[in-house]
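Two complexes are shown next, each including chain A; its partner changes from chain B in the first to chain C in the second.
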Partner chain A sequence: MCSINEENLPVDTMVATPKLLFKDAVCRRCRILKAQVLLRKTDPYCRDCFMKYAVHKFRSTIGKARALQHNDRVLLAYSGGLSSGSMIHLIKQGLEASDSNKMKLIIKPSLLYIDEGEILNLSKEDRKANADFVLEYAKRNCLDVYMCSLEFSLAADISGVKLQMNSYEVEPSIYASQLERLFGSVKSLTAKEDLLQRLKQRLITLLATHLNYSKVFLGPSATRLAGQLLSAVGQGRGAQIAQEIGFADSRTGVVFLRPMREFVDKEVAYLAHFLEVDSLSLPTLSSKLGPTASIGRLTEEFVVTLQANFPATISTLFRTSDKLKPNVGVDRSSSEFKDDSRCLLCLSAIEQSPLCSASTARSISQTISRSGPSGFKDVESEPQSTNVQQQLKACDANCSNPGKQCCKTMDVGANEKDWGVVLCYGCRVTMEDVKTPELVPINLQEELRLRSRRQMMRQSVEQFLL
Partner chain B sequence: MEVSLNFSGGAELLFGKIKQHTISLPAEETWSMKKLLNWIKDNLLKERPELFLQGDMVRPGILVLVNNADWELVGQLDYLLQNKDEIVFISTLHGG
Partner chain C sequence: MVVQCSAGCGCNAVLKRPKTNDALCKTCFYWAFETEVHHTIMSTKMFQSGQVVAIGASGGKDSTVLAYILKHLNEKYNYGLKLVLLSIDEGITGYRDDSLESVKRNQEEYNLPLTVLSYKDLYGWTMDDIVKQVGRKNNCTFCGVFRRQALERGAILLNCDVIATGHNADDVAETILMNLLRGDIARLQRCTSHITSSEGSLPRAKPFKYAYEKEIVLYAYFKKLDYFATECVYAPDAYRGHARALVKDLEALRSTSIIDIIHAGEQLAIKDGVKLPKQGVCSACGFVSSNVICKACVLLEGLNRGRPKLAIGKSNKALAEILADRLANTASLSSVQDQF
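Coming up: the complex of A and B.
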């Protein structure tokens, strides 16, 4: 992949892999049994050695991050898919391991299933059947399962959420039609997938907090995360990569952990097969659509295809992304300030955009392209032709918030253009594709007003202290 | 000749949501995996063949196991099927 290596590598590693080099190979670890698994195109393992390797990798992913304490209550997000299903099997094995064994896992897990049927256009019967599959799965694993429907992500707070335990009925709610209308109004599949992810994250956080779980395990594999890494860059979420695909994501107050992130999809498939993990036949928003249907679909296609011929693809992406650290520029002590600098939708820190940032550049070029030749004159004199920029000029040089919104214009009426105060860049891009933003469960106008007022108060206090 | 086929991880969505198929193939012919894939395409695949096959091959992201072993270890497309073989197709693709 990397051009530096081109001359040093033998020619045949750069072209499609030589076929059938490992026909009838013997396991390279025990050197006794016949191999059943071929990893990275070069490492044949027998089933037993593969399982040992996988269990060890799973435990060390959890262990090395030191994210868990004894008897932690952990919610395991279960989608019905192979990756989260395998994750739960591995955790069960860890719980049942003997005490003397260092591999013993001491946590108190329960399952959480979010029914996305409403936006996947599944019939009530299908949703019930899926839920029954999950209930049966939980029962077989002797775990409690909390069940909730995605439409409740639109509820203002937990009191509006119908949460069920060890049973599930699809019941009509006002949020169901709201969710349907919301997704119906989203123009692109990319924005739909992003919105789905944000809403799911919001709902899980709401439920975990309510149920008093401080940790949630999510099941995405390395392959899925590598695709998400590229999508995140493509969608202007580059600053959030460490949280979006790293092992731990603590943006919401509830800590999301991704213990399957060291397994590529081929390993997940082997695991699921050997552990006899059954999966739900769940479609996704992009099921049966071509590779260019959305950014997420395209990056998945890209990663999977590249990985098939170059097994180092994913680890290269991961090694690169693990070096990226979030640039936390906000270190004021006030927690209120921290809350005010977080995106309402995904809870990431909103990047402060100085006058010369990439997002300013994008907004200038967008303004120019949209205004056309006739509107260009106005644009030239005022690069950001929003009211923010206009009023910034009116402010005297003492403005304590230069480059952003001026202190004196904080209380002007909020409109879509001002989302920068309450949404991060990635969420703004998504919300631009949402035709009915009022259906999203965050009160943008209200929050914008509150944030502006708090900021003014802080400023007057600061002036007083000086 | 009887062969068992199993589709999972979402691959079954392309086969009318049915995971387990038992098929019988005329035993007087020799059946390579390559030939089997063509047979599946003509006889079982319900829609969007490009989401299952790419040219003669199974699409990247779908794992193929022959009797619990990766098909790359038994000859891949050239493997010759035997009576009672168990072939498993596991999709790990999101948009499958």
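Coming up: the complex of A and C.
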């Protein structure tokens, strides 16, 4: 049958809108000045009205979440790009506003720059030049800047990290070659990009904690985030969408905030233009590769193309994702071992995989096609139930405990199943592509042993726990 | 070069499994594919012994393989089900008429009773007529909405307990993306369930929820199952084309992507306090609807008035109100008559 039915039909927002003829259009807001900006294909603005609109949007994004308190110490992650550059300009404006202005921001910010040059194969000179640009930018804006290189994300703790302030030298370290080896061993660009994101998150958390900052502003635009949303879905990170795309992400203990999340790239470009923000043109892992080089690249292209035709695309994606709940996982907050339910790599709650789920189906497929019917002796030796009810009952009794009895036939291959104790689904998918997991700065094997043992202990004393 | 079957049976492999990239022999592939579908059915308690199951049959690959495999598993594992084929004739020349031939062949080969219902009989319109009215842009809106209800009506007619459709993992992944993109949070959550049942309507089961389209094709190919492979002459809308292409591109990058998307979909939880449309029944036709008047009735009203665009545009609410009013009037009229 044609698979189209009422469940998956397109709606009004999926109809392409024709573009407004921009020439000589008047600002829709003041209705006086000539428009200089065209948003969503149909809304013309003059420069002043656009800036008012943008500043208001920025402040309301921060304000409505009530995430900031007076005199909060905030790290502003600066990449050298347009979006984070505009973010810093808007914050500066807020800081410098007169006391009576209700748009005034009262926070204590510093910049943070992470040099990713090592894995992007940049020369030492290029890395130094980029860092100089950032230093110059910080100086012009009278802000301190902390600088650190990505390879230190592999350090076990802060004592191994070389953190520099208001100056930067690229120096050799053991971690640099380790990082190169690690990334060289990753099979897919998709996994590399995901790993990069996790490592950056880890490093920023280490630094912010050490420097006593409880909040970090990140600068990705709405367009970026919408791409990341679909990319997260494509990599099985559904439970994490609220944290990865939402305004606030507090998985690591440090709160990451995304104040640029309501600006699409086009708005960022106008903003940067009017605010005279200059930027570095930074390469990424997939820079020189085609639009289908990785899942992240693919979904970003997808969003950009769709947005150009259907201007409601990004806002609709956000509207959907803002209704999603951050996954909290099993509530073990009262337990001795509450961290046992968190992923070692991304610190999200590890999803449960009930017997009837994609995650079980995935491992079953792998086991089944690697061990074949002969590896499934138990299937035949199990008394074949004569009717569905009976089989269902057998199944029912063990559903809470997959891996036993009637469903042990469907048991999962040793490796990936075990990782389920320490990694979330998404990180498991990524780690499947990493050939040198021992280089990832998490105690995979040891934690695995510890957690499995604790799990067994818990099971054996469960009946005595209140 | 000869490759050994990765399941270790000692045979030579003849195919690379699209889902896992493992090389398998024919026997082991059949076994793997069937075992997985069986597991989906068992672990979700999809069916109960003694039930009558309507298989939505279109003559295409998914439903052909579904009919074959349900019959096979039903016998092998003693599900105790009564299977019937239910086919909907949309009235699309050059597509449905040919595929119906293929359904009829299935009926004979698998020895399952077949019932065919047509849009013409149910709604008074064939898809060909509808396309003449609405053009090539919104054809799938009419077709998709009518299909859902037509299956329901047919299954009730046949005294079935559950409807099984051939929706595969690719379809589910596409639907998740579509619902994210169109902002339909309620359907987003519903579309990943293995079996959807809402008050007042028959449960719908998707035994192929975790089965890859490519594997269904491989299975049909090696089993020499006869199916109809032509695409509908009225191509789906452009937007769906994008979503479909995205799923295919993702799969090409990483073969597990499709199942990863479904996992992501299954894990989406709606925030407390977000209002979801309540499911009720349409006051005109009595089938499930989240509005007073269901979408099918609104669309039909638009067609019958010669104003189909009204029914799909923003004014569809107005149309629904008119319909509801008219119903209320006839109702009060009849209650007035009752008094005399």
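Brief remarks on what is shown
Just so we're on the same page, the second predicted complex is superposed on the first by the 377 of 466 C-alpha atoms of A that agree within 3 Å, B and C clash if a C-alpha of one lies under 4 Å from a C-alpha of the other, contacts with A are read in each partner's own complex, and residues count from 1 in each chain.
One rule holds for everything that comes next: a contact is a pair of C-beta atoms (placed from the backbone, for glycine too) under 8 Å apart; a residue touches a chain by one contact, two chains touch by 3 or more.
Because the structure is predicted, anything quoted here is derived from the model rather than measured.
When the shared chain is aligned, chain B comes close enough to touch A:Leu82, but chain C does not. By the touch criterion defined above, A:Gly296 lies against chain B but remains apart from chain C after alignment on the C-alpha atoms of chain A.
Legend: residue contacts after superposition of the two complexes on their common chain; A:Gly253 is shown touching neither chain B nor chain C.
Of the two partner chains, neither chain B nor chain C is touched by A:Gly184.
By the touch criterion defined above, A:Arg370 reaches chain C but does not reach chain B.
Within the superposed three-chain model, A:Phe310 lies in touch with chain C and out of touch with chain B [touch as defined at top]. Once chain A of one complex is fitted onto chain A of the other, the partner contacts of A:Ser279 are limited to chain B, with no touch recorded for chain C.
By the touch criterion defined above, A:Val233 lies against chain C but remains apart from chain B after alignment on the C-alpha atoms of chain A. Taking chain A as the reference chain, the count of touched residues is higher for C when chain B and chain C are set side by side. Contacts of A:Thr320 after superposition on the shared chain: chain C is touched, whereas chain B is not.
Overlap of the chain B and chain C interfaces on chain A: residues 305. Those residues of chain A that touch chain B in the complex are listed here as 19-20, 22-25, 34-38, 44, 47, 81-83, 221, 223-224, 227, 265-266, 268-270, 272-274, 278-279, 281-284, 286-289, 291, 293, 296-297, 300-301, 304-305, 307-308. Those residues of chain B lying in contact with chain A across their complex are 8-10, 12-14, 17, 19, 47-48, 51, 60-61, 63, 65, 68-70, 72-76, 78, 88, 90, 92-96.
Per the touch definition, chain A reaches chain C in the complex via residues 1-14, 188, 190, 229-230, 232-239, 241, 292, 294-295, 298-299, 302, 305-306, 310, 313, 316-317, 319-321, 323-325, 327, 351, 355-362, 364-366, 368-376, 379, 384-389, 391-392, 395-396, 399, 407, 410, 425, 429. Those residues of chain C that touch chain A in the shared complex are 5-9, 17, 19-20, 22, 24, 28-29, 31-32, 35-36, 39-40, 42-45, 47-49, 56-58, 60, 62-63, 77-81, 88, 140-141, 143-145, 147-148, 165-168, 171, 174-185, 187-188, 190-191, 194, 210, 232, 236-237, 239-240, 242, 246, 249-250, 252-254, 256-257, 259-272, 274, 295, 313-314.
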